[in-house]
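My questions all concern the structure below.
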Amino acid sequence: MSFFRVDGVSLQFGGLKAVDNVSFAVNEGEIFTIIGPNGAGKTSIFNLISRLYDPSAGHLYFGDRDITALPAHTIAKMGIARTFQNIELFENATLLANLLVGRHCHTRTRLWQELLFLPTVKRAERQHRAKVEEVIDLLELQAYREKIISGLPYGVRKVTELARALCSEPKLILLDEPSSGLNVEETDDMSFWIRDIKNELGITVLMVEHDMTLVNRVSDRVLALNYGRVLASGTPAEVQSHPDVIAAYLGT
Amino acid sequence: MLDFIQQLVSGIALGCVYGLIALGFVLIYKATEVVNFAQGDLMMLGGFFAYTFISLLGLGYWWGFLLAVLSMGLFGMLIERLLVRPILGYPQFAIVMATIGLGYFLRSAAGMIWGTDDLKIDNPFASGVIRIGNLVLAHDKLSVIVATLILCATLYLFFNQTRLGTAMRATSENMLAAYYMGIPVKRVVSLIWAISAMVAACAGVLLAPITFIHTNVGLALGLKAFPAAVLGGFGSIPGALAGGVIIGVIETMAGFYLPAGWKDVAPYLVLLGVLLLRPEGLFGMVARKKV
Amino acid sequence: MQFFFKTTYDQDLRLIQHRGQLIAYLLLLGALAAAPLLLSSYLQSQFVFVFIYAIVGVALMILTGFTGQGSLGHAAFLAIGAYTTAYLQSKGVPFAGAGLFALDLNLPWLGPGKLWLPHLGYFLWAGLLTGIIGAIVGFPALRLHGIYLLIATISFAFIVEEILARWESVTHGNEGLRVRALQAWGVEIPTNQVSFYYLCLAVLVLVIIGTLNLMRSPTGRAFIAIRDSETAAKSMGIDIAAYKVKSFAISAAITGLAGSLYAHKLSFISPEMFTLLLSIEFVMVIIIGGAIGLHGAVLGAIFIVMVDPLLTWVKDDVPSLAAGIANVLGLGAGRAQALEQSLNSIASAAGLKGAIYGVIIMLFILFEPMGLYGRWLKIKLFFQLFPLYKRASFKRQKTYVKTERNR
């Protein structure tokens, strides 16, 4: 029983096969990267895992649970969190509010308790806030706590996406192009944080990336996709020297 | 059977008026994604303008019709310039409320200027009928149906086949991108409001023989035209007409065959039923954000 | 300049951030409590309407301002609350108290009979029943967005109005129902008494506190998440369907409570009092007040309810006032006379109220989209930053249409 497994999954939009019979397994505690040209189906696979799309064939397994048909909102509670390629933050709320929503899957309080704001609720709110502050400390977002998202620069919003995913204390985190739009220094920071996520927080990372330097620096294993199909899979060195991958994506 | 056809024609005619107003909604929505709750009141105003030109100034039916339509076109551009252009890009809810406010204002202003009595205009359709066997079809209803079909066909071709129509659709999808692509966005938006107001004016004048002209006619019909536009799927020109006709026919049939009170509720029940099954309306496009 | 140094998480959780706020709110409450002793009974009565409108404004804020579900059908919820009140009152149920009441039923196979139900007074029943209906309305609304949702709520409101007019055995149809004075735990509170004023004020304060509690807890954050990005909310574990239904239910329940008070205030209800125009007035409350915070609901309610007295004053006093001013400025008696007459004719024209409503809405949306509360925040910021306030602080950026069809 592997930590996370994708088994023969296909996704079809009318005549277009976005994902074509893709299978791979992710081991616990590793950093697994999916690479490939644009349109290869990488984000589609993430959307299948988050249950925003339904696969037309195949199964997805998290531990020993078949998650193929579960509703989207149950995934977070199971311990899978994700970031979005084109940032999906709550634009009109403060950064703190965004991160607190990330804690939602750990809500234990009921509606009637909240209406009266009983001490149970107050204690729970303090705990949520403490956990969120841990993430803020890790990602150095202290200066932006009370700022409204729509006024923040792009780099900070990318980090906020990551922070919000971390706030739900996941076992598996899906990072969709974490370094896109970031400059060299920010990408360095991101690579350190990804390694911290694995080493300090013990979270398994499943990542889509284009920046091969970052991929080489952090990944344990790599999967290459093209036109929805698997091209190669293995260690970064193996995949990067695979002739199909070079022809389709990396060039010489 | 005869009664049925009679009622059907009445229903289609009423539906065509709804369809024309719904068409006005859809036009503005297609170009700017604004829902103009004052569309019915623009129709009412068109009727009043026609009254002024035809009866008060004595210009004769066709000249008055033409002038009313043209002046409403200008009025539409004025509204766009003063009210709509500054608030494009605001959340939809705010824009909707602004148009509701406009509607309030137009109704009250019309009442203050022309008075609150029912007004009539002399028109060539008032009394003529066509007889097909035992069937009697009134000219005023037929004129509405014919005019609606012509307008709808013209506008549909305009939107789908001409560059200007495509420009309008682009403007509503992403206005900033439209600006970058060199589309004269301000002119496009002005034009669409002018066209929409002119369509509303046509509806107002065509409806005058059937319901007379008074200040509340816009609100009552506008509120029925809404379900029509939504039923057809907001954003589809043939859909607006289809929705209008469906609502008109259901309302007339319900009024004739069902006990009192159902006439007003039936269209809304049908609308809710359709929305339950197809949330984007009959001809609407399903759109989902790609993340 | 003011700066608040935070040292504990609790300071962010508290309802009242610092002592200055506490004093301000206590003064406000004190002024409102003392008002009926100082104001004329007409103004006192208008204040009661302000409280009722503010309660509905808060309810609408929860649904529209915080969860992003536009609704033009809240008059229907108000009507359901009002009619529940009138109906249960006719069954002998008090406003608040405990006991049983009987519903006369005529079931298809079982024949006529009585169904005994417990009650804690019809006030809570009004809220409960309206909340249940709100939840039922919430289900089909799950898949509808934007304009489709607005139309669906309008349709719902029309259908409710029609049902109220046709279901004559319960509602007396268009004849209407009389609502007798309020009875709670054996105490009678007639509507024109000060105690009714305090009751409405108390309900408003409790509703506001409850809503503030809601918004600082996970459910409130879930509402805002649904408004801003449903996709992200789903990925964070928020069950969109459940929370939308909750939002509808809570909003409807609060409106139902307001309906109960409304029924008492009017002491006579009939279906044509709960039209679309009333729903539009409620939405105007939050748009004019500002859809950013609960203060907006209260400010908007004050504005909307006070338009009528304002208009009366305009009709009665302004023409002569203007003539007087013209006289003082030396324009001559003839001109002053003409001015007074023309102002009189404008002011007494039918439909002036509608025109003014319309113009006010348009002006607010054009020039003050954040509403009265927004203006208040700007003024506060000016004084807080004095003398370093920058004039362009709230300069509106040019906005462009970006389609809301893809959410």
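For clarity, chains are labelled A, B and C in written order, and residue numbers in each chain start from 1.
Just so we're on the same page, a contact is a pair of C-beta atoms (placed from the backbone, for glycine too) under 8 Å apart; a residue touches a chain by one contact, two chains touch by 3 or more.
Please read all numbers here as calculations on a predicted model, not as lab measurements.
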Interface with more contacting C-beta pairs, comparing B-C to A-C: B-C
Central chain (by mean CA position): C
Chain at maximum distance from chain B, centres defined as averaged CA atoms: A
Centre distance in Å when chain A and chain B are each reduced to the mean of their C-alpha atoms: 48
Distance between the centres, which are taken as Cα means, of chain C and chain B, whole angstrom: 32
Chain A and chain C, separation of their C-alpha mean positions in angstrom: 42
Contacts with two or more other chains, residues of chain A listed in rising order: 52, 84, 88
Interface hub residues of chain B, defined as touching at least two other chains: 291
Multi-partner residues of chain C (each touching 2 or more other chains): 231
Of all residues in chain B, those that touch chain C in their complex: 29, 32-33, 35, 83, 86-90, 92-98, 100-109, 111-112, 116, 171-176, 179, 215, 223, 226-227, 230, 234-235, 261, 264-265, 268-269, 271-272, 275-276, 279-281, 287-291
Touching residues (chain side chain C, partner chain A) in the complex: 9-10, 12-13, 210, 213-214, 216-222, 224-225, 227-229, 231-240, 246
In the complex with chain B, residue positions of chain C that touch it: 64, 70, 140, 143-148, 150-152, 154-156, 158-159, 162, 165-166, 231, 276, 280, 283-284, 287, 346, 349-355, 357-362, 365-366, 369, 398-407
Contact set on chain A toward chain C in their complex: 50, 52, 71-77, 81-82, 84, 88-93, 96-97, 100-105, 107, 109, 111, 114-117, 121-122, 125-126, 128-130, 164, 168
